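Shared chain: subunit A. Partners: subunit B in the first complex, subunit C in the second.
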Partner chain A sequence: MLKRCGLALLLVISCSLALAQGSRDEQLLLAVFLGRFASYVDWPPHQREVFSIGVTDDDALAERLEQLYAGKRIQGRPVRIHRLGADEQITAIDLLFIASSQATLRQRQLDALRLQPVLTVSAARGFAASGGVIQINFVAQHAQITINHDAALAKGLRISAPLLAIATLIGRD
Partner chain B sequence: MKPALHSFCLLAFLGGPACAATDPADDYFALPLESLIEVETAAQANVGSRRNARTAYSATVPIDVITATQLEHSGEIELARALATLLPGFNYPRPSIADGTDHSPPFTLRALNPDQVLVLINGKRLHQGALLHTNGTIGRGSSGTDLNVIPLSAVERVEILRDGAAAQYGSDAIAGIINIVLKGYGHRSHFGLRYGRSSAGDGISRQASLLQSIPLAHDGFINLTAEWRDRGATNRAGADALDGGRVNLHFGDARSKDALLSLNGEIPRGDLSLYAHGHFNERRSSAGAFFRRSDDPRNVPAIYPDGYRPSIHPLIRDYNLTAGIRGVSNGSSEWDISYTLGKNDFAFRVRDSLNRSLGEQSPRSFDSGSLDLQEQVFNADFSHQWGRHVLAIGYEFRHQRYRIHAGELASWQLGGESPWFPGAQGFEGFRPENALSATRQSQAVYADLTTTFSPQLSVDSAVRAEHFSDFGTTLDGKLALRLRPHRQWLLRSSLSSGFRAPSMSQTHFNATSMIRDGEEIVEYGSFSVDHPVARALGARKLKAEKSHHLTAGLLFEPSANLNASADLFITDIDDRIMSTGYIASWNLAALSPEAQAILLDHHVDAATYFTNALATRTRGLDLRLDYHHEFRNGGRLRLNAAYQYARTLIRKVNPSPSVLGVDMGALVLDPYTRVSITDGQPAQAFRLWALYSTAAVDLAFNLNRHGSFFSTKGDEKYKFAARWTLDTELAWRVQPGLTLAIGATNLFNVKPTEWGATDDSVMGSGKPVRYSQYAPFGYNGTSYHLRLGLSF
Partner chain C sequence: MFEGLSIRSKLLALLGLSSALALLVFSLVALYSTYVNERAASLRDLHQMADVIAENLRAAVAFHDAASVDKLLAPLKANPHILLAQVRDEHEHLLGSYQDTALESTQLASLEETISGFESRLTTLSRLDQFTRNHHLVVHRIELNDIPLGSLSIVSDNEGMFAKMRSFILVETVTTVIIFIGLLLLSLRLQAVFTAPLDLLINTMRSIASDQNYQHRIKTLRKDEFGELYQGFNAMLAEIRKRDDALNRLARTDALTGLANRREVLEKLEKMAIRSARKQEPMGLIMLDVDHFKRINDRYGHPAGDLVLRELADILRASARPYDLAGRFGGEEFILLCEHADLATSKLIAERLRLRTAAHTFVLEDGQSLQATISLGVHAAIADPGFTSKLIEAADQALYAAKSNGRNRTCTSTDLQAHA
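Right after this comes the complex of A and B.
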């Protein structure tokens, strides 16, 4: 029996012609979505030469973003990833992904950036209702997006229609 | 073996071109936004980890995930039947003429026993059933968990951990763990209707379900599911040549009507979250016992001049409610406190019957008593992450109560019209002497440590100490290693010990009958291990079954849309608990004079009891291959091939009580029991599941090869050959949210091989019962169904 099992595995192995990396995991899709969100958002004019993405409390995601966006551009600018501690605050960024599992820390980040033109994103439930701009959750293997449109407008961010069309909107009359 | 494994090899070969797929990130970047939102990620699983969900591909131990999509397209209306078609090694035969077992059939994993599987709902323990399977079915002498009490429409996914995990979860996690995850946050409300019937015209099944999702503030939710299920009986019994060619038996599915409710809810408040989940199921079922011909000594011709077939109509109520609170602190610590209350109540009602010993005065219907098992569990878990380490510690308190309620007088009474045949024919009632209420408590402390030394290497370790009030203390451990030497390869191995506490029914079940021997009334039947008769005959307090597990496997992921895995496993179980055969001189020729004297002194004709009887070794192999492809036209193909081999051998037979004068082999291993342990369930199973989806349609195929198995009739061993079955469903999305589906299970009407020629008057080729009730896919043949779903 073991010989046959070995044969089956060898067949699989022998068929691997081109070897690619990555897998269909949620983190990869999340990383792709972060860049895609940015392409559907207009920021107030500023002079930064790079597109800065901050990631709090999730070094694995930050590493994934670094790999994924190396050599790529968002909004026509090269991408720089900032790894931030859970309680670390930075304002000179364009997009902040808040991974902290603690609601009080998330809220502190949101309050600090409330009127800053920073696109705040998190996978934490209740994030959009708490003043975050985009909340992305994975339900039954699919992404679900919730957008707090009022929070975006308060920051001077304009989200274009295609992104709004695939999201559940809150805070918009 | 060969066809199934060759099929797997062929799939592996055909899957080769898939390896040429590109980096999924490039694919994702190329997708328009409206397509990106439709991307399906790999299924995640929580089971086996106290902290983070991870994909089945990246887990330290082998895990299968069955999704709601797979369950929906299976064509089945009950969770156990759906899993039987989707999960190789999940064996769920359709027992018939087996008393209570007809109405709550057991399932097994890896050809082991029904009670050697732990079932969780949302990660919390689900109680076992009260019913002890006492007839000649799979799982004889054990109590399993009834999965069909969960509404299928409430299930988001089912996670199956294919490894021993008692060091993490406690008793029963020997063959594996099944974690049922209920639909939670983000699910839409859904209404479903389904109608089905067999190609023979019977087995009409109707199902209506409503899942109402109520969103709450801060993304909380309450999901309520109500389901009504009416599964018609099937009958594959043949004509009885000894009864004028009449079809007088019922051999097939019981008629089963279920009302089900389930709840899953969560109320987040800052860093705290209150949660609750639970279900209630009421099942009214009916199935027949063996037919008693007119001239049968168990008949009273004045009541049934043409003979009669008693029918058993149990009323089964099952509920479970978990409530808890969990929270996070300091960003790196999590805690969870919960309480679970669950109960299974199995009440026996018998109709179209009589008590022969009461003669013409006998009633026709009986209340034969009931069994119930209640379980309360308190859990407190805490986990903390620092650096590369995650430490989880916890405490569990469990309280179980098992009761036997006596039936009404006529259900067990020995009247004056016959010295034999007391009580209700079909299912004799429990006597007042059998009634009891027994309790047990256990307390456990446990610790898990996961250390990620590098992205390539992580180690999980676990230790659990548990004290049971009835049999003492257990200490178990687990060590699992995950090594990724190359980004496409993952090696994993685990070594663990485990245990299964004797079930409450094995410790306390007793059911005895009376017969008249001249002027003397003597008893026979099953005695609990602490009954004076059992003790005198050598019964001892039951010990826990102890197990040791070794799993070693590798996973190959040449591209994002293809992965294959192979896992070898060995499971040793010592002190397996089994029922003795009848201890009586007419059954055991070598029974000692001392034992015969004990029987005589206690006015007992024959006795059985449970004992720690033997040790077994189960060896096997799991192969998995998953393939996923997104077509440029928007179509999507999902393909999953799986193969399992599991074979159990008896390693050792424990010494028998010296008072009996017979060895344990003679006491517990009659030919039927021996074959049931080693060959009674298919050693091999293969499945190929495929789903092609477009925006408008889903087309699902499920090809199964059910391996061969053996059974006995008398001392003869019979082989039942392997069979292929194909299920299919075509679902059409009429408009957004509205789906109409048509499908068939066992499309080509494959039947199991028949019993060969036998000396038996009922079972055998050309006899009323042609098929084996151990057939893993039943014997109904083809069934068709229509399904309508509306999401809103």
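Right after this comes the complex of A and C.
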């Protein structure tokens, strides 16, 4: 009996470790992909000298982004990572990753940025359908991208054809 | 080994072999050049295809979108020569692929091994290619903002290129054969440029060898080597003709007196006898001999005797009619053949000879002078060809009679009959 319990414990620990490893890999991919999204999106002209990425409610991801893009450039500009709280006022950023698990909170942030030229990205289910620009989900470390093209256009963002070609496109409605 | 062949055949063989060799070399060079060009073109086409596909794949690779990769590779099915296409991410994990249904597992394993070896070299190069006997492949690095995202490998069979090569070989072979036949026909015409002058020379030579006519000449306006050959041949013929005439003359002429020799006299006598018999006209023979010639030799020496003979020959020539033949018959004995002359005419000529000789003074080299006389025997008759010796015999007997009767006189064959 004790043996069985021990084996079950080992199995649980192994699965937990594997899941933790998978989660870390996905987080790294997400960090990489956020930078790559910027290569396929054109923002309206502005005077900012840095490329600002905001991350709400996910300090681990923010830290990963800081490590990944330290000393690197996106769209020819140095990268600055902003850690944001759920209710924090969001200004002067180019890309916002919304990690909040609460749909109402996400929707409030989306509504606040509805006409702002901010590329909103989230891994939450139904994010694109609720007005977010890019929804990214991982299946066996392969990305599935959903784009709300209407939302992007409303924000003055132009998403290039190659990204549109591989994504699932939906309208806001 | 070619001695038995005619020049015409040798020329044809030479021109044919030269043409064949030239065409063979040209064909091989063209074939190799086409192979190299087609190989480069196949690789270039595959690179172009890979460029386009890699560009389209960039976003899918950037976001590890395997489904999109497969979707973007699927149209390769339209190209029957594409065996395999694989897309790998930056960690060389397979992201998506296209595989021809006819590709066997062993082939697939071999190709994947080759691709794997190539991808490890992509760290320094953005594109690689390889051409083997059965296939050619290209590997392209996929980048986003100069950051490697992964790689695209495309493998194509060589059938497309070999089909073009087969078509080229067929066209080239047919063209080569047509050109070779054309050159051979042209060679048939061209060889006449060399063999026709030789044929003319050979035919002329055969003609001369057959009829011994050394007066024949090759008429030519050529300025080339054949012209020189013809001129040399003509000059040689002229020289042969000249020597032939000289030899002929020597064979028929007496060296001391310049008169016809005994052989010539007998030949001409036979011909004159034939004419006499045909025309039933008499012909005359005058045999004459220097009286006491031995005494002249003994007293004045042989040079004096030779001088007497030479000057007597001159008198003989001067006294004979143009159509008579004077000859030295042997020693101090001469003969004069008188065509169309009866006995009276012949005797008249003989007497004229005798009187002129008797009246002639022979002056020797040392200034001494001497007189000499001749005895003559004359015979005239309608000749009987084949029996000319009888004519000579009759004249000789008359000569003997003239000698016997005191010399310096003329006796005829009828005189002998009268005495008999």
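Definition applied: the second predicted complex is superposed on the first by the 146 of 173 C-alpha atoms of A that agree within 3 Å, B and C clash if a C-alpha of one lies under 4 Å from a C-alpha of the other, contacts with A are read in each partner's own complex, and residues count from 1 in each chain.
Simple rule for what comes next: a contact is a pair of C-beta atoms (placed from the backbone, for glycine too) under 8 Å apart; a residue touches a chain by one contact, two chains touch by 3 or more.
As the structure is a computational prediction, the values presented were derived from the model and not from experiment.
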Contacts of A:145 with subunit B and subunit C, given as first, second, both or neither: both
Broader residue contact with subunit A after superposition on the shared chain, subunit B or subunit C: B
Subunit B versus subunit C as contact partner of A:115, first or second or both or neither: neither
Subunit B versus subunit C as contact partner of A:163, first or second or both or neither: both
Which of subunit B and subunit C A:126 touches, first, second, both or neither: first
Touching partner for A:36 - first (subunit B), second (subunit C), both, neither: both
Subunit B and subunit C contact sites that coincide on subunit A, given as residue numbers: 29, 33, 36, 40, 141-145, 162-163, 165-166
Of subunit C, residues touching subunit A in the complex: 56, 58-60, 62-68, 144-145
Touching residues on subunit A, where the partner in the complex is subunit B: 1-2, 4-5, 7-9, 11-26, 28-29, 31-33, 35-36, 40, 57, 68, 86, 100-105, 125-126, 129-130, 137-145, 162-163, 165-166
In the complex, subunit A residues that touch subunit C: 29, 33, 36, 39-40, 136, 141-145, 162-163, 165-166
Partner subunit A, residues of subunit B touching it in the complex: 1, 5, 8-9, 12-13, 15-17, 19-25, 28-29, 33-34, 36-44, 55, 57-58, 67-68, 156-157, 183, 185-187, 217-219, 268, 270-271, 328-331, 334, 487-488, 554, 556-561, 563-564, 566, 621, 623, 625, 628, 645
